[in-house]
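One chain, subunit A, links the two complexes that follow: it is found with subunit B in the first and with subunit C in the second.
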Partner chain A sequence: MTLPFAIIAGLTVGSAIAAMSLRNMVHCALSLVLTFAGLAGLYLQLNAEFVGFTQILVYVGAVSILIVFAILLTRSTEPKDEPATVTPWVGISVAVAAFLTMALAVLASPIGKRLAAPASEVSVKTLGQKLMTDYVLPLEVMALLLTAAMLGAVIIAMKDKEGSR
Partner chain B sequence: MAELFAKLDALPVTLKHLLMGLLPGATPEWLVSVVSAVLTITPILAVFPLMFALTTVIERKGLGRIQNRIGPNRVGIPLTDIRLWGFGQFIADGIKSLIKEDVVPRAADKVVHFLAPIALLIPVLLTYSVLPFGKNMVPLDLPQTGLLFFFAVGASTELSVFMAGWSSRNKYSLLGAMRAIAQMVSYEIPLILSSLTVVMMAGTLSLTSIVEHQAGTHFGFLHNWHLFTPWGFVGFCLFLTAAAAEANRTPFDLPEAESEIIAGYFTEYSGFKFAIFFLAEYLGLFAMCGLGITLFLGGWLPPVNIAPFTWVPSWCWFLGKLSALIVLFIWLRGTLPRLRTDQLMGFAWKFLLPMTLINLVVAALWHMSGGAVHIGIRWVVGFAMLAIPYWLLGRGFEASVGKRVYRFAN
Partner chain C sequence: MTPLSGYLLVSALLFCIGLAGALTRRNAIMVLLGIELMLNAANLNFIAFWRFSENPETMTGLTFALFSIAIAAAEAAVGLALIITIYRHFRTANVDKVEDMKG
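After this line comes the complex of A and B, so read on.
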């Protein structure tokens, strides 16, 4: 474990914990953005430049704005004064148990002992060519799905406007 | 003679190597890379903020001339009669903003309010790291993802704007932030799509390779700038429009329309934090101009490949083009009125977006027909394919902007 990895991982985990535990919704959203940025840092550490910068462009640039707008438009950001009624211990124990199961399964599997395949130099060009040839069907399906979702959102928003007039 | 100019061209690089050579031989490797990074960053941090400072004075003087007044012309060297045509003004402004009281509203979210200007300035400064300022002068050469890095980092300024507007607990701030985010998100699409044509032609995301791609010559002397093609010319105009909107410049300065919402998202900032917002805004504009120069105006290449032009150092060409674009933006600010919000959004989605998509098709055709078809025919067809939609879209857009109906005020 190198020092840069430790810093980035600490930042990611710390901001993820903050995103779960802070009381003000906007603060949670901002911490979550820090988590996204930390993940991008981890991708960069793995030499996945394209994925890392795309993560920043999509998550830090766009998804965060979406989250923040959703919070602002739907609910008050004022933290409620009432104390938390649910004790966190049940959730924590379940999470720890799930993590331990998975970690044990991963450690027991022979994957870790296998030698890493020789990493071929993956350029952005290759990525694009693969997307346009081998993986063109998933890409098109995703595009269709997103278009449908966008049309749905527009229709919902339009109905709302007509009703208010 | 040419050798001397070549040396002058490489002067910043030579200077850096000279300074690096001064390090003692036993320096650990990490320290060498840190020193190298500092030596690369320092000129950027010196040149561009200074350029910002000078731009504020030039802008005030230029706007003054356009509005038939004189503008700042008093502040020169203190305790003397030397006025320097008012160019000491920025030092006085800087000192003023440093010693002003920093007022934070009582209801403000203190931590986010404090972090917002920093979170705005850092991404803006980061965008400079991939711009090629001259021959062999790019701070961080990303051969795979240079352009993507620029846009990724630039996109994260939107959240800082939201942080500033939300944490101030002020209606004007929040309104300004909402306007700014809506505008930045909408204009990012034409911005990226208009740059995409260049990526298609150059076949790379590396900004250095994009500049080198423009190095060939037309007719033996005119450089092969992307501007000198139909798609490049239209792409540059679209890029510049979208860049003005991204940088919140007039006519797209609604987020800080002082006659409506005071100063927009940074209404509640004072003293040096205000100055940081100001600085970040101008540095963002310079970075956008720098990207436009790199993509369309041949980066650090001279316009014609003839002796006296090629003698001028490459970084001088870059800074010269940058200054020209800044002056253009000042001129636009003095000339154009501000748009309305609905016009702004309509312009992005109904005019700029279709134009950029058509431009992509034209660029593809230009690329496919290269070599096979006579260049004159390519020009005529390319221009017709862009001019006719421009005329039709413009007409349709003008027709949709009718007399405004005031639903609530009447």
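After this line comes the complex of A and C, so read on.
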């Protein structure tokens, strides 16, 4: 295990824990941005530069802004002393059990000890060519999905016209 | 070099943190954030398995992660729009208090 990996992984996991456990939701969103940035760092370590920068653009840039806007728009009138979680021990024990299962499987598997082959150079050009040839159908379906999601989000969140309710 | 299991363990940890958040938090936005975290953990798995695979030049893991990021973004947009509509209707984003359809 190398030092850069340990630092990035610790930062990512720590900020993820903060994002899921803090009381103030704006703080949660900001720690989640740190988690997304740490994941982008892990992608860069894995020689996936393009996916890393996509992660920064989409998550750190767009999704986090969306989340902050949603938090501010739903700033609720609920009493402050209400607990932020419900039956926390059930959920946490389920999550710990899931983690133990996965960790045992990972540590027992022979693939886990595999070391990376010498860094293969993946240029954005070859990735783009793949996207436009082998993966052109998923790409088009995704474009359709994004258009539908954008229209759907606008229509769902649109204010009702006066008198329609 | 970090072996594959290092990345897989980080990914499993992130997934379980997201799962715990989605199961325990009462605010719908926090539930959505937990789901986003779980999706990101899956993406890390795709990238790690691609990097450590026998023939990384096929780039299946990379493209899958790219598509997954795009779909997660669409999901976040629609999910947050739904939460804003629910908030407008019920004046709360607390998932325990939205129980009109409870049997």
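Rule of thumb we're sticking to: the second predicted complex is superposed on the first by the 134 of 165 C-alpha atoms of A that agree within 3 Å, B and C clash if a C-alpha of one lies under 4 Å from a C-alpha of the other, contacts with A are read in each partner's own complex, and residues count from 1 in each chain.
Assume a contact is a pair of C-beta atoms (placed from the backbone, for glycine too) under 8 Å apart; a residue touches a chain by one contact, two chains touch by 3 or more.
Just so you know, these numbers come straight off a predicted model, no measurement behind them.
Asks: In this superposed model, does subunit C or subunit B come into contact with more residues of subunit A?
Replies: C
Asks: Tell me the contact category for A:Val124 with respect to subunit B and subunit C: first, second, both or neither.
Replies: In the superposition, A:Val124 touches subunit B alone.
Asks: Per the contact definition in the header, classify A:Glu49: touching subunit B only (first), subunit C only (second), both, or neither.
Replies: A:Glu49 sits against subunit B, while subunit C stays out of touch.
Asks: After the superposition on A, what does A:Val68 contact: first (subunit B), second (subunit C), both or neither?
Replies: Touch status of A:Val68: first partner only.
Asks: When the two structures are overlaid on chain A, which partner does A:Val60 contact: first (subunit B), second (subunit C), both, or neither?
Replies: In the superposition, A:Val60 contacts subunit B only.
Asks: Contact-wise, after the overlay, does A:His27 reach subunit B, subunit C, both or neither (first, second, both, neither)?
Replies: first
Asks: When the two structures are overlaid on chain A, which partner does A:Ala98 contact: first (subunit B), second (subunit C), both, or neither?
Replies: second
Asks: Using the superposition described at the top, list the residues of subunit A that contact subunit B and also contact subunit C.
Replies: Correct list for subunit A: 50, 54, 62, 69, 77.
Asks: For a test of understanding, state which residues of subunit A touch subunit C in their complex under the given definition.
Replies: 1-2, 5, 9, 12-13, 16-17, 19-21, 25, 28-29, 32, 35-36, 39, 42-43, 45-48, 50-51, 54-55, 58-59, 62-63, 66-67, 69-71, 73-74, 76-78, 82-88, 90-92, 94-96, 98-99, 102-103, 106-107, 109, 111-117, 120, 122, 126-127, 130-131, 135, 138, 142, 145-146, 149-150, 152-154, 156-157
Asks: Quick one: in the complex, what on subunit A touches subunit B?
Replies: Interface residues on the subunit A side: 24, 26-27, 30, 33, 37, 49-50, 53-54, 56-57, 60-62, 64-65, 68-69, 72, 77, 123-125.
Asks: In the complex formed with subunit A, which residues of subunit B make contact?
Replies: Per the stated touch rule, the residues are 109, 112, 142, 144-145, 148-149, 151-153, 155-156, 158-159, 162-163, 166, 181, 185, 188, 203, 205.
Asks: Which positions of subunit C touch subunit A when the two form their complex?
Replies: 1-10, 12-21, 23-27, 29-30, 32-34, 36-37, 40, 43-44, 47-48, 50-52, 56-57, 59, 62-63, 65-67, 69-78, 80-85, 87, 91-94, 96
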